[in-house]
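Here the chain labels run A, B, C and D in written order, and each chain numbers its own residues starting at 1.
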Amino acid sequence: MATVLSPRARRHVELLDHAWRERRGLLGWLTTTDHKRIGLMYLFTSLAFFAAGGVEALLIRTQLIGPAQHLLTPEAYDELFTMHGITMIFLVVIPMTTGAFGNYLVPLMIGARDMAFPRMNAVSFWIFLGSGVFLYIALATGQAPNAGWFDYVPLASKQYDPGLNIDFYGYGLIFNGIASTATAINIIVTIFKLRAPGMSLNRMPLFCFAFLAAAFSLVFALPALTLATIFLELDRQLGFHFYDVAFGGDPLLWQNLFWIFGHPEVYIIILPAFGIATSIIPTFVHRRMVMFPLVALAELLVAFLGFGVWVHHMFAVGLATMVTVYFAAASLIIVIPSAIQIFAWITTILSGTPEFKTPLLWIVGFIVFFIVGGLSGITLAAIPFDQQVNASYYVVAHFHFVIFGGAVFPILGGMYYWFPKVSGRMYHERVGQLSFWLSFIGTWVTFFPMHLVGIDGMPRRIYTYTAASGWATLNALESVGAYVLAAGLLLVIANLAVSLLKGPRAGNDPWRGDTLEWATSSPPPPYNYAVVPTVSSAYPMWDRDDRERDAVRLDRGEGVLARGHETPASTVQDAEFDEVLAMPPHSLWPPLVGLALFVGFVMLLLAHFVIAAAVGGAAALLLLAWHAEAPREEAGAPVPGLGTPGEGAAT
Amino acid sequence: MSVRAPSVVSSNAARLNAIVWFGVLGGPAAWAVQFLFAMQFALARCESPNARFQFPVHGISLALGVAGVVVALLAELAAVAVFRATVPDRGEHDAASITRGRLHFLAAVGMTVNPLTLTICAMVAVGVPLLSVCRQS
Amino acid sequence: MRDRAAPGMGRRAPWRRACAIASASALCVGGCGGRQSIVAPRSHQAHVISLLWWWMLGASVVVFAGAVGLLALAFLRRRSAGLPLVGKREDLAGGMVIGFGIVVPLVVLVTLFGASDIYAVRFSEAPAPGSTAMTVDVTGHQWWWEVRYPGSQAVTANEVHIPVNTRVRVLATTDDVIHSLWVPRLARKIDMIPGRENAILLDTPDAGRYVGQCSEFCGLAHANMRIAVVAEPAASFAAWLANAARPAPPPAGASATSGRQLFTGRGCDGCHELRGTEAQGQIGPDLSHLASRATLAALTVPNTRAELAAWIEDPQAIKPGAHMPDLGLSAGEAQKIAAYLEGLH
Amino acid sequence: MSAVGPTAGAGAVRPPRRGPTGGPAGEQIAVARSAQPSGVWGMALLLCSETMLFAGLIASYFYLDFRAQRWPPPGVAAPQVLDPSVLTAVLVASSLPIALAARRARAGELRATIAMIALAAVLQSGYLAFQVHQLAAELPALHPRGSAYASAYVALLGLHHAHVLLGVLLDLGLLFWLVARGLSDYRVTGVRAVALYWYVVNAIAVAVLLTELSPSL
């Protein structure tokens, strides 16, 4: 804490420092269960993959800069656009949002000291890392997935794609899905159980509502993808016939299963961005969000309705209209939650006193792009029009506005916004704004013309086109835009990297932020909060008297829980203090389990099923040993400043 | 209404809690059922080569749609009732007012979600019967 | 033909003018309503869809302008709290969200649902069997299109001939992976999926050559899988069909004759059929009347003797990934075969 | 208020229990708590995911069914009803000792807990052994390479058996630590979580049975 502490308070803090001491060095990072260090590992890993995906994108744009280019062979082009999609979705946006932002910020925002399952949190990182390495081994060995990120059969079947390419896709995504599911479960339980006493559902930051919605979507959507890829590998490796018409299978089974996952996936990508926007806007507009309950609802409803729209990706496969309208209707109404949020953001900015600093600029840019992407999305719910532009560059334009403008812009804005909290230093404002404007212009120039070439009949995933097609001018423009965009992104990284070393000290709360993370020091100590924060609204940092009360309680040693590696848990709906959880400290098992699974999946890829089973058994033994370190038990005695465990039910 | 006395609080709160969760989940659940079942019947009727799925799809869609609309309306009423019953009182931070504030919040959520799910059910229920049976689009 | 607003078509004339003007104005950035533009429609269903597009675009522009306008306003009065005119009124702020965020969109979206998904959809729905004057079977292959005319011997590839002002039911199927038949100026796209018989309607009043392209990723040469629909007056269509139904004409001249022998001698007949000869291959396109086609390799190159010879000599150089093998023919041999094939009118 | 969340429904209103002392070392267990422990929540959410997986599997089975002209295809016998029904009944019956184990564990009775889990484990692994033996015997007749029906049938049973195997492994791991370390709140939560796992697996087992037998019903 920045404020000067009384001797008594300092004694409590020293106790905490001792109880929460972290291992140093490489071993420390390898065995950590601290949600902040895990979040940072997620951040840097997904940034590395972001660079890879970006290079792939630039190669694609360079190939398309003019008609009949020969930079890439068709083989290389197919692998690059497939890997670009897989990378950006599974190795960048999901780990960046749920992994990095969710891990680092959710416990801080709800006043907890760690995630609900710290070791599972670590293992999901190691599994994610393993899946990423797994997929990039494919590219390095020249057999990367090459049938597009939605990998339609029969093109992806053994008959038409005999190499290992598609097997890397299948096992890579199953592997990656384990990590995402674990993270999602962790986030949900953390939000349900670990909110600081007093933070009832209606006082929960909108950021947490967004991450809750995204996590639920992950839990319910990923199994469909896992199942589809299991079928795919059974077909490819063991000669099953789920997708083979000749034996009574059906290629549309893949399309249905894939998009049952694939569309909620879009909202899994965009929801955390909503959360970031709703936490940046109040801070820089100096007022609370307009219509808090509706925004919270919108975030949850998008996730829910997202499960009823998948066939709008399949309007051209020849289903009966009386089947497709069910999906068209849901696809249209799902616009309304987004409309609620957009106008809640705009009204909040309009009725507040906005300070257009870098983070807010990125969010305003996001709102603009998200409106365009949303509007083009509506047109795709009009069945006849969708049947014209489906699988054309119009769709490419649509989802890049939604995913790049809609998800990546808030992520970058969020990186600027929380940089002072994470690093303890301030970034360079001017350079920050410059990086925004470069990226903003670059995004427009890259993706907007894609609408026009799409309307003009250019299909997606073509590695070349003729001069006669009349698409050359716009494609050249798009490629130039891509370079501008790349420059903007490099400037973001440069700004943050330099500021990390040279930036001025930021202090605890440089923005006068509204949520709890700004109450603790920058960067936060391993235990986040010396005293369990008092919460009496959804904007706790703006309830100054509560923060003063916390200082007093620290002085008195109330709600400090300095006896050990502990955090309080509360009831799900009204967040009444319920129990004290002893959190497991660092552990070596998570990286070992991750490694075992990696070996196991490599064996599956190579169809060495017996070895794979043996490795699976080893992983099971590791998990058995894992539970040797059971946390110290709590007696359920009253805790000064928090009350008696279990009393919650009495009220 | 007086939710001051602790005894009243718990019993009242428990009842309102049940009502408000119906108010929040009723509409979405109604849509989910209508969507899954009506759509599945249409899919089976139109996509299967064999004759054992000759369902009267128009009627099914209309019936399930109407059912969905009715449930969503009931849920809306529940949400409105709780919303009116739990106008938050400023300043107090006892357990009762926390619960009240949360119920009020959930009621507002329910009041917004039900009209939307109701609209989806109604759109499809009215739309499908206007379409020719199983014509490919 | 490309960008001219074609002469009126009865009651649909206003739409045609609207679309033609709009396409000319809005899409000149995109190479002037290009050869595959959905906003230069030449059929009723394409008109309906482009009209739907212009309406949706109009509404979108209004929404976008309104939202961005509000953001601009927020920037201009960034120092003064509260809403413009009314000031600090939370109820009105909430009202704005409910009005713009729920009520207005709800009305617009329900209208769009009725207009597009219930009404307009019927113009692009598959025609019921028997409701059309004729049927054409188009089968997707990696990476070309096989075209057959039921009730006739006629077989061709990559160029679909249809009579104008005639409802034609196109039966779209595939022989291998998923393809998608998309001729934007005439009809919505339809996927070709193993185990399914999908259909679309072709019906245009305007004679002309309409280019389309496979729009579902289908492998290496996906980018070079184009198709042309040739709409022509009934008489010339009948003449074309009659000719296409005949066996392949005999070789004329010495080099053509030796080309003919090379065709079988060097194994071309393993894949290609020449009706009425012993060349009965069923893997590649039927070549009985190759010379009557304007292009080669699914519209990759024009059908000239030089291009044809080059294509025969080294297919991969012209269409990477194509399944047509390099038979190691000398330039001379390729020239002879080309000379023969160029005689097959 | 108890932990009746908007979701997994894994929580009933329970009076907060001050844990009676029990277990080998007489350590205090069953922490005072009015909401469900995190471990139970975590398992409940994992089971949501698993349930979606099997829902998709069963949906795929019926999708292929109604896309087919004849199901099962000509020459493939419809599955016989008796054995799988009896075996599934046995598996479902194992819910009882599991439920008792959870109750005994919360009461701090170590021996009873171990006995009940062991009993359940025996029933479950017996079920698994018989089922796997059955499937192995059927395989030559309906080779999954033979038809989409065989593929769906084998995948349905295979994944379900893997699911049961996972549960048996959970039983064994739990037994190992109960014998080695006795009861503690951590392991009481473990017992409750595993119990929840088995309730869901057994429910899924019934759904799988009905799907598997649908051609014969």
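Please note the rule applied: a contact is a pair of C-beta atoms (placed from the backbone, for glycine too) under 8 Å apart; a residue touches a chain by one contact, two chains touch by 3 or more.
This structure is a prediction, so every number in the text was calculated from the model and none was measured.
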item: Intersection of contact partners for subunit A and subunit D; value: B
item: Computed distance of Cα centres, subunit D from subunit C, in Å; value: 53
item: Rounded Å distance between subunit A and subunit C, as computed from the means of their C-alpha atoms; value: 39
item: Cα-centroid distance, subunit B relative to subunit D, in whole angstrom; value: 31
item: For subunit A paired with subunit B, centre-to-centre distance based on mean C-alpha positions, whole Å; value: 29
item: Touching two or more other chains - residues of subunit A; value: 250, 294, 318, 321, 324-325, 329, 332-333, 336, 340, 383-384, 387, 573-574, 576, 651
item: Where subunit B touches two or more other chains at once, by residue number; value: 17, 47, 99, 112, 116, 119, 123, 127, 131-132, 135-137
item: Residues of subunit D engaged with two or more neighbouring chains; value: 1, 4, 67-68
item: Pairs of chains found to touch, sorted by chain label; value: A-B, A-C, A-D, B-C, B-D
item: Interfacial residue positions of subunit B with respect to subunit A in the complex; value: 6, 9-10, 17, 28, 31-32, 35, 38-39, 42-43, 46-47, 57, 61, 93, 95-96, 98-99, 101-102, 104-106, 108-109, 112-113, 116, 119-120, 123-124, 127-128, 131-137
item: Complex contact set, residues of subunit B against subunit D; value: 13, 17, 21, 24-25, 44, 47-50, 53, 99
item: Of all residues in subunit D, those that touch subunit A in their complex; value: 1-5, 7, 11, 13-19, 27-29, 31-35, 37-38, 41-42, 45-46, 48-50, 52-53, 56-57, 60, 63-64, 67-68, 73, 144-152, 154-155, 159, 169, 173, 176-177, 181, 184-187, 190
item: Subunit B-facing residues of subunit A, complex; value: 198, 200-203, 292-294, 296-297, 300-301, 304, 308, 315, 318-327, 329-330, 332-333, 336-337, 340, 383-384, 387, 536, 573-576, 651
item: Residues on subunit C engaged by subunit B in the complex (per definition of touch); value: 102, 106, 110, 113-114, 117-118, 121-122, 124-126, 128, 198-199
